[in-house]
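One chain, chain A, appears in both complexes that follow, with chain B as partner in the first and chain C in the second.
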Partner chain A sequence: MSGNSALKRSRVRSAWLFLAPMLVVLAMVAGWPLLRTIYFGFTDANLADLGAMKFIGWDNYLARYDGEWSGLLVDLLWWRSVSNTLWFTLFSVTIETILGFVVALVLNAEFPGRGFVRAAVLVPWAIPTIVSAKMWGWMLHDQFGVINDMLMRVGLIHAPIAWAANSETAMWTVVMVDVWKTTPFMALLILAGLQMLPGDIYEAARIDGINPVKVFFRVTLPLVRPALMVAIIFRALDAMRIFDLIYVLTSNSRDTASMSVYARQQLVDFQEVGIGSAASTLLFLVIGIVTVLAITLGKVRLTAEPA
Partner chain B sequence: MKQLQKFGFWVLTAVIVVYALFPFYYAILSSLRSGTALFQISYWPSSFDLSNYIAVFKEQPFGRNIINSVLVAVAVVAISLFLGVTAAYALGRVAFRGRGALLMTVLAVSMFPQVAVLSGMFELIRFLGIYNSLPGLVLSNLILTLPFTVWVLTTFMRELPKELEEAAFVDGATPWIVVRRVFLPLMWPALVTTGLLAFIAAWNEFLFALTFTLSNDMRTVPVAIALITGASTHELPWGNIMAASVIVTIPLVFLVLIFQRKIVSGLTAGAVKG
Partner chain C sequence: MAEVELKGIRKSFGKIETIHGVDLLIRDKEFVVFVGPSGCGKSTLLRLIAGLETISGGELTFDGVRVNEAAPKERGIAMVFQSYALYPHMTVYENMAFGLELSKAGKAEIDEKVRKAAAILELTPLLERLPKQLSGGQRQRVAIGRAIVREPRVFLFDEPLSNLDAALRVQTRIEIAKLHQDMGVTMIYVTHDQVEAMTLADKIVVLNAGVVEQAGSPLELYEHPANLFVAGFIGSPQMNFIDTEVQAAGSSSVTVTLPGGEAFTVPVDGTTARKGDRVKLGIRPEHLQVGTEADDGKLAGVIEVVENLGESHFIYLRTATGALVTIRANGISSLTAKTNLSVRIPPEACHVFNSDGNALRRLG
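Entry: the complex of A and B
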């Protein structure tokens, strides 16, 4: 018995030894930079000379000089980027969920050539975001773009549209490209959920002659909901930090700038590391709060579900 | 009725396939046209002109950019897998206090927005003297790949039967030998899956590569493509951009075609079981 516990102790010791390299690297690339970013948010650091920074408290967030408010919390462009991000997250994740469900239902059916269709669906996911932004940027070109040509041939529009430049269509353009790129991910996660469902329920529904639409809403949707919720949460958290696509497709336009785009613009283009770090910290907080909410609410729902 | 349903299903499937593949198809078409042909919209291959491909390599160090991307991605995969396997052994096979909290921490890191570590990472990279160099990119990319590598390998390792290592321990093997001789040979499927996902993540990474490099010949492919410019900002050389896009996408398309099962299982293991 004592030999057993000695063995166990030595195993626990070696476990920590095995963990140490990973933990050191993770602390170095994640923990430490995050703490520094939070700290920079309370300084007037400048990119050109990080060493010369002074601690200035909450001034990057909110300050009052000579009766004038300043700081992030009164910066309209910051709030614009917040609303852009939320708008983008809401619409892209909703559309991706619906389309992803359709694709998942198709892939869940048995038919010849299913492997090919699944591989074709994976292609947009594997293409680098930058490349997909450029491909779509070219297809959506205002003068020579193939999308305008298609829509004009069908008669949906009469004159070419400058999709990425026009402030009314820019955000929809970003959503559209993101939907193309990320629906595969959604579809695969939902498909994994669908494939765990017991087949005999469907057999029974088929024998009873129940309408497939009814089967979908009464059987499939409730059963697949836990997997669906996980997929939606993952996607929403990912959508809230969007940077690449917006940066390449519409550059720093205020119509589409997300919180990440705003923060990087402050940090690098304006060299304002203090303000940029404060904005990054706020983004981190927003995502952290949503994660905690999602996990707690998700758990409550999951346990409330009858087994 | 049955026929109609079948027909509808095939139409839907065709729409999905065309929707997924058309942008890539159109990029290939465009990359093979140059001069005024590029600006005449046509939906079928009409010319086979490789001058865009030649121009991409002539007008910027694109060959060097590809080598950079490969070096960074391979190094990131190797380091992530090594750290991931050792950590997964501890997290998946040994019961110790704080294990659950550690796993949650690792998962939490994968939720970090990249921009939240940007200024801290910038300072660290400058401090280490690896600004504008490939090691700087390898280091920063680890924050993207390490969490899910650890997570997926841990779930995989946990499911292997208990008897495996017990016999080896009775024979007096050290944990290191157990990991190398007993687990590593069994882990190949999981290693291929996570390795592929890490490779794709590092190959596609943009924000760090954009911020932590300065000169053309240190850039990775995504940054190089994003920064291709023409004579003026309003005249982007779309032919070159499409050629470069096709070049970097073809290896990924092949990876997807060959390893689609592994990629799908890795993606879903990372998310659903999480």
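Entry: the complex of A and C
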């Protein structure tokens, strides 16, 4: 036993040795900024003079001056950005998942030129977000946009619509552009899951004469579910941090402002590092809660199950 | 219950034809085994019958009705795959019931069928388990159970035993034979294992490069192989082939030269043979006789290796002409390598193949 435990000690030692560089780097690039942001959230720091900040406790979150509540938790704009973000996440991820699944099923079939199509489908994903946001911004422009022009020629609309500025269409516009951009990513993740499925069970299903729709819902979907859930959670986390697309397409419009846009506005435009940091901290908490909920409710196993 | 007939069945993948016109009649309740080396087209032929591949030419009928265009389900077949092809996320019960859910059968009827099949295959205690919790043999039985519950007209097996270990293979082979007796359905079975073919089949179909070399009962193939390929494929160890020349040929016998130079007369129909033809003399290892005085024909040579298997032994003999001849006999041999040996060739057990590889009809 003593030899055994000596071996174990040396293994534990080398494990820590190998882990140490990663832990140090993580602490520097993730841990420290996170802690500092949380700390800033409890100060009145201002971008103009960070040195003059002082600790003000929970005041950035909730405070009462002269009988009036103030702070993030009672800021309607903040809650608007939270609901914008969740709304955006729900719709974009749902549509991307459904379309991505369809694309993945098509790409999973054998047809000539499949390799080329697979590569072509990835193009929207490969374009930097800023570029595609600008591109769509122009295409959707109310005066010069090609989309308004086409819709008017076809006769679907009578007057140009300011897609990104109109409060009724702005959010849908953002969702649409995000779907265009991110569906290939979903499709690729789901395709990877589909390719893991054994082919013989589909032949068995054909022999049994089970109709393809039933095969999809009873065989394909349950088997690809683990890969699908991981893809959905990845996308949802990504969607909740959405910033660049919304900022470029619709600027600081309150109809579309996400939590990240709100935090940036406080931090940079208003120079309120304290409030911006508090908002970032809340953003972090919201994402954390949603992730935990998704993993628990979706019964997702993030580790591979032992064979 | 169905009679399956293949008329000039062809299959091409792109420009490459892999099945070159197969004609075959499979009688109702017959157990037919397709056997052949890998790549001979036996699995493709089975998949054509199943409806998993489309037929490029010819006609396939079930009970006289053309089924070329029918979907697998309409043909009324069930198939057991080499890889079992079980649904990994469904329990044994669900795996067997899944194919029945679409039919009009009620829940109670499905339940009855599944439990009956499970009882036959001794799967009852395993019904709630997932495939990954089963051994290879159990998975194989589930795959068979899934086929049974469908009550097919024709049962198809695609190398069902090749993933099992030797002991389990023998046991499952017996179970399949018993299943055939009890169910009385037409079964078509693909294997590359000639022991499975010999033991299970009513009729063996030997395939080679997309062509039927011979179809017949196991003993017919063993005793009257139509050509060199079948003669070499059926029987283990392989039949010995000795290159020789015809000295004289008649309607009831052919006389050839043995490696030792002696004339040797074999009772086969030699009407198509001519003096001077290059032929092959075929003799199975188990028919060569060690220690018998030979006055009709003998082979002499030096023993290279003796393999004692306990219940039988193999002797590998190098003849004067350099050919290696295998001899198989019962019991344990006391012979040793590098000694001379002469064995008797019984003429009535010999085969003669002409230069095209076709057998001259045996009369013995």
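The criterion applied here is as follows: the second predicted complex is superposed on the first by the 272 of 307 C-alpha atoms of A that agree within 3 Å, B and C clash if a C-alpha of one lies under 4 Å from a C-alpha of the other, contacts with A are read in each partner's own complex, and residues count from 1 in each chain.
Everything that follows uses one rule, which is that contacts are C-beta pairs under 8 Å (C-beta built on N, C-alpha and C of every residue); 3 or more make two chains touch, one makes a residue touch a chain.
Everything quoted here is computed from the prediction, not taken from an experiment.
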Q: Using the touch definition from the top, say if A:R118 reaches chain B (first), chain C (second), both or neither.
A: first
Q.
In the overlaid three-chain picture, which partner chain does A:P128 touch, first (chain B) or second (chain C), both, or neither?
A. first
(Q) If you tally the residues of chain A touched by each partner, is the higher count for chain B or for chain C? (A) B
Q: In the overlay, answer first, second, both or neither for which of chain B and chain C A:V219 touches.
A: second
Q: Answer with first, second, both or neither: which of chain B and chain C does A:F144 touch in the superposed model?
A: first
Q: Have a look at where A:T89 lands relative to chain B and chain C in the superposition and call it first, second, both or neither.
A: neither
Q. So which bits of chain A does chain B touch that chain C touches too?
A. none
Q: Provide the residue numbers of chain A that touch chain C in the complex, in ascending order.
A: 198, 200-201, 203-204, 206-211, 214, 218-219, 222-223, 307
Q. What residues of chain B sit close enough to touch chain A in their complex?
A. 9, 12-13, 16-17, 19-21, 23-24, 26-27, 30, 38-39, 41, 43, 79, 82-84, 86-87, 89-91, 94, 96, 102, 106, 108-109, 111-124, 126, 139-140, 142-143, 146-147, 150, 169, 174-176, 179, 200, 203-204, 206-207, 211, 221-223, 225-226, 238, 241-242, 245, 248-249, 252-253, 255-257, 260, 263-264, 267-268, 271-272, 274
(Q) Using the touch definition from the top, list the residues of chain A that touch chain B in their complex. (A) 7, 11-12, 14-16, 18-19, 21-23, 25-26, 28-30, 32-37, 40, 45, 47, 50, 102-103, 106, 109, 111, 115-136, 138-139, 141, 143-144, 146, 149, 180, 184-185, 188-189, 192-193, 227, 230-231, 234, 237, 240-241, 243-244, 247-248, 259-260, 263-264, 267-268, 273, 276-277, 280-281, 283-284, 287-288, 291
Q: Please name which positions on chain C make contact with chain A in the complex.
A: 50-52, 71-74, 77-79, 81, 83-89, 98-99, 102, 132, 146, 150
